[in-house]
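Here is the structure we will look at, set down as structure tokens.
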Amino acid sequence: MDLTCTEEEDAFRERLRRWLGEVLPTLPAPPAADDWPGRRAYDAAWQRRLYDAGYAGLHWPEDAGGRGATPTQHLIFLEETERAGAPYVGANFVGLLHAGPTIAAEGSDAQRARWLPPILRGDEIWCQGFSEPDAGSDLAALRTTAVRDGDHYVVSGTKLWTSHAEVADWCELLVRTDPDAPRHRGISWLAMPMDAPGVTVRPLRTLAGSAEFAEMFLDEVRVPVSHRVGAENDGWRVTMVTLSFERGTAFVGEVVACRRVLGALARAARANGRWDDAVLRRGLGRLHAEFAALWRLTQWNVSEAGAARPRGGRSGIGGVPGTGGSVFKLRYSQARQELYDAAAQVLGAGALDADHEWVAGRLSSLSYTIAAGTSQIQQNIVAERILGLPKGR
Amino acid sequence: MDLTCTEEEDAFRERLRRWLGEVLPTLPAPPAADDWPGRRAYDAAWQRRLYDAGYAGLHWPEDAGGRGATPTQHLIFLEETERAGAPYVGANFVGLLHAGPTIAAEGSDAQRARWLPPILRGDEIWCQGFSEPDAGSDLAALRTTAVRDGDHYVVSGTKLWTSHAEVADWCELLVRTDPDAPRHRGISWLAMPMDAPGVTVRPLRTLAGSAEFAEMFLDEVRVPVSHRVGAENDGWRVTMVTLSFERGTAFVGEVVACRRVLGALARAARANGRWDDAVLRRGLGRLHAEFAALWRLTQWNVSEAGAARPRGGRSGIGGVPGTGGSVFKLRYSQARQELYDAAAQVLGAGALDADHEWVAGRLSSLSYTIAAGTSQIQQNIVAERILGLPKGR
Amino acid sequence: MDFQLTEDQRALQGATRGLLAGRFGPDRLRAAVGDPAPDRALWRELGAAGFFALRLPEEAGGVGLGLPAAVFVFEEAGRALLPGPLVACQLLAGVVDGVASGEKIVGLCEGTRDPVLWEHPATCEELILVEKGTGCHDRAGRGAQGRTGGVYRSAADRVSCAPFASVDPLTPLARVTDLPRTEPLALDVPRLRREAALLTAAQQLGSAARTVELAVAHARRREQFGAPIGAFQAIKHLCAQMLVRTEIARCAVYAASVTDGDIDVTGAKLLADEAAVRNARDCVQVHGGMGFTWEAEVHLHLKRAWLRAECWCTAGEAEELLAADLIA
Amino acid sequence: MDFQLTEDQRALQGATRGLLAGRFGPDRLRAAVGDPAPDRALWRELGAAGFFALRLPEEAGGVGLGLPAAVFVFEEAGRALLPGPLVACQLLAGVVDGVASGEKIVGLCEGTRDPVLWEHPATCEELILVEKGTGCHDRAGRGAQGRTGGVYRSAADRVSCAPFASVDPLTPLARVTDLPRTEPLALDVPRLRREAALLTAAQQLGSAARTVELAVAHARRREQFGAPIGAFQAIKHLCAQMLVRTEIARCAVYAASVTDGDIDVTGAKLLADEAAVRNARDCVQVHGGMGFTWEAEVHLHLKRAWLRAECWCTAGEAEELLAADLIA
């Protein structure tokens, strides 16, 4: 067990810090929260900066256009960009964390060449078309159909929770290509251009008041068969590769951010006198231990992924994170909700102010035990896949 | 909604208080916790005193030898005896709260005449033979067999969690009389004499260190067919009547006792300085609200039972408590555990003293979410029978 | 003792539910999210139905009922998410002319909070400010001033305030920047606070009960993995605990309406706040992604529950009062 | 950075587990419940295996390993429920002659507790009393006395004490009635406290991990309603949360053993205490009635977890220290 950084890692961190120190002050002011085209442009420009500086696709293998960095370097990158207050991955999220890694792992050479470079450069934005009205936790129940017509699929159905759909160029889409096969066997993974005829997007407003998700209606959309990644009807396996990324290192920056918020809560409580409330104060102390441990768990998972990392080959984007991500997500999603409940205690009646960033944080924290696998589903995963309890009931 | 007592109820309370004030100082010192014959004698003597004073079987119908009191009078009785520090129902528990009511509701005239008076007088002690090693939460899985041989059943099997078995005269026993019937249909209810040949009792020590439960091994015990209450193979329904009593007013005295302990905790915390700990203090405040509400829920359930009370007939021992008892039990069992965890906070390192009554209370509180239907089972009951959620999974 | 609703009480409950269902159904609720100002016509109708005059003596043109009746009505209002300064209008009927009939709408705010928030500032014609009291209610009072002083009445346009973005779409708020002390009102402050807390708790109870219904209905309808999700224990047990919280709070609130005792009301507010907030959260969880949308009713319950929990005795205040009672 | 066990560390863990399984298996555990005095032969064997001399430099006849190694060994001791004053003997090896080799058994107790409790009083030949420190450990110390003073060594028969019925059958206790200050020992008190807290946390971690195993094994074996109870979500989710608590505590404890930082150790103790106590309770619940028997191993974990939670930094102390660090 070694928690110190190697010389190489220190040098990497130093170089990154220097670069962030130079580049961040030169960035324009971020766009308004509901200015989606503005946000796309802003996020894409930041991605281009990262690309030019050699930080795009840091942990992607070199043959996918990445930098082949170690998981620890990737962790350092996420930690330092968050600490420095760099822009979030934002609109590039699906491309960089879902679609890109999936194409890198499962795509043909032509597909990799077509789609990966624009993701890394920030030229093309992706969205995710997985969930459906009747396929949420039970993703394999998806019903969007893709019927073969010559060298095209004709796709019809409804997708839900498609983030950044309005500004995306591409959608990673799960469709049912064999309605007669067992549920998990008749699914395929397609890259669908968002400007194809028949695609209609309707923004979906969340309880937090924002509209970053959308419903997507597909009415006989023609998608070339060459846009299928992986074999026909093999989309479930391809998807599981993608989802396991979502449950991996995606939260590193957030844990760093939560620890910063925690410090700010303590200082705000001191300033407004609520620090004298021992119940609040001790609750913050407990959260301090909680988030410190979550950070250690992140380091543990990253080190484990590093150890398991294959020495080459296509699937090696930092090693596919395992079920340990479920343990992390279960505890983190709850701790995040507790953090923002503590923020409400610090604010008192001020917690009724919708314009306060901590109140917005409190509202959005509610989605953490739901999105990307509810806590109920995560507990099933931990119980069945890690503890070996029997399936069923 | 009326929370005041009627004149009649006030008079009843007054008379009871006067009697308790006279009789309690004359009682001998209670026996040691592990002196089971002594405890039997002590509990039986107390029951005889109640009988002589007209308080035995207060809420039993008059045709069963009871006093036909209203549920409210029964509530007052339980409240006042607990407040006055009267002896607990103790060894008379199964007879007065399970077996007796079952016999009163389901027994023949001869059976009522044979078994009810000795229960009311404290002459005969009953124990319960329901659970088995492989039939706990799933009581209907019980395997103890009863094979008809002339006018006897020959009973073999193993029973578990039989309280007061060593000092009991009778056992209310569930046996399988038809091994080929569906699980719930082949069960019968027998009154088994504990001195019958083939009955072996082995005390079972609990984590609280006490041995009030036992395992009971039955090896070809002959029980007269006339000792069966209810029809052959109808024992499951008969049992459900009994169990619903267990989940009804059985905890009234305990809630009163918990509120007394809560006050004592607060005073002890004031005395030892831990009252200055706001987390502890506010926790006690919260429990104050919790137990006050549990008391109100008890009053609610008792009033409801009173309203539903049939105007005569055999099944009318206070009305059979309904599923509302599950709501009570779920919250009460948890609140009781929180109460004794708070006691441990008040005691600090003193909470490691096994001789302290609050530490004993803490240990025994662990059984409350398990015994008489685990909290998991209770939640299923609430969800399925009250909320109407589908069975299954 | 008979701790069950009388037939009259049950009838009142049913009539109120019927009235609100007819006049403030799902469409009106959806419309209110965009425009939460109370509907004046509905307000007058509620006034005509005796909603605000419930507790006024019949001599004074009221209905002559007690606190329990008000609690049943407020429980229904909480269930229906009816917007408006309900507690203010209930407590000031008979004190401020025109409130009992629903002609006039007034606000009531606690000067002891930080910030001092005013519900429905654009709707209220007057604002009544309660200054006294360190926390919840205190029947003993602190001298004569504690019992009757510290309440001031001001015309709405005399109150200085700053905009405040309310987290609850159904309850616009303003921050009062300068406490107006225009016209003193001789009111029993501890009683005012106690009744405000109880009526707020009654709304929380109604909200808690409604979110159980919403969760159960969704769990029966929504299918995943080939079964209604309500067939899975994880969902079952969430719903069961929601019901337990509701029923515990119900007993506490109903009993406090009968005894009108400080400690009973304090405990009822604590348990009802917890039931409303935690039930709404669990209801979001049971609904999954669908509970996270603006269109779903459930976020309105959560946000209003948060708001009510900050009014008229917060959890921390309640726990301290209850603790103090243990050693009193 | 490589936050994974090295091969040597894994080997140490495996060897310790093997040693304890062989010398303190289920039968010995059962016997220890009746007679919890540490087995002198086993104690010497542990001494010979380097159990106590783990962190002493090789020049001093020790193994020359660091705090992480001690943590791995104590985790295994916690898992096996090994009785005896383990923390005392680990921390006083090299200070009191004969402890490192397992020839001598000493106790260590906190004079700042109320009551002051002494583990295994009949077994210890000496008692070392730590007086300083208001709560947990405090690296800064309070002057020179804070760093090195306030530790006293006494022969066991010089200590006045009263009987105390220990809740943990594996840890006899006595209440020290008169704090003996016979022979001052020059020890770094903040470090002593910090290491005692960390080694106690390591035992809690081992216990937490063991109760997950016990619960899972029971849930796979026990059938009710025609299926192993582990097939029901209610049981599954209890077990899943037990694992989550364990793994969070593991990361905190292991990291604290590497950094040896006050705040890291404090957080690790807090999380490990919680994991051990709550897991043991959930393990009882999963076992149902069978978990409530004296024969089941699980109550021993709960009682020892309660005991350890009261030692060397309680939850309340830890939370205050952690809170203070947030504004430091």
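Per-chain residue numbering starts at 1, and chain names A, B, C and D are given in the order in which the chains are listed.
In the analysis below, a contact is a pair of C-beta atoms (placed from the backbone, for glycine too) under 8 Å apart; a residue touches a chain by one contact, two chains touch by 3 or more.
Just so it is clear, the model here is predicted, and its values are computed rather than measured.
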item	value
Farthest chain relative to chain B (centres taken as mean CA coordinates)	A
A-C or B-C, whichever has more C-beta pairs in contact	B-C
Separation of mean Cα positions, chain D and chain A [Å, integer]	39
Chain A and chain B, separation of their C-alpha mean positions in angstrom	54
Chain A: positions in contact with at least two other chains	277, 279, 282, 376, 379, 393
Residues within chain C bordering two or more other chains	232-235, 237, 316
In the complex, chain D residues that touch chain B	113-115, 117, 164-168, 173, 223-225, 229, 232-235, 281, 284-285, 288-289, 291-296, 298-299, 302, 306-307, 310, 314, 316
Chain C to chain B touching residues, read off their complex	1-6, 9, 68, 212, 216, 219-220, 227-228, 230-233, 235-237, 239-241, 243-244, 247-249, 251-252, 254-255, 257-259, 263-264, 266-268, 270-271, 316, 318-327
Chain A contact footprint on chain B (complex, rising order)	277-279, 282, 393
Contact footprint of chain D on chain A as seen in their complex	1-6, 9, 72, 75, 262-263, 266-267, 270, 275, 281-286, 288-290, 292-294, 296-297, 299-300, 302-304, 306-307, 324, 327, 330-331, 376, 378-380, 382-384, 386-393
Residues of chain C touching chain D in the complex	232-234, 237
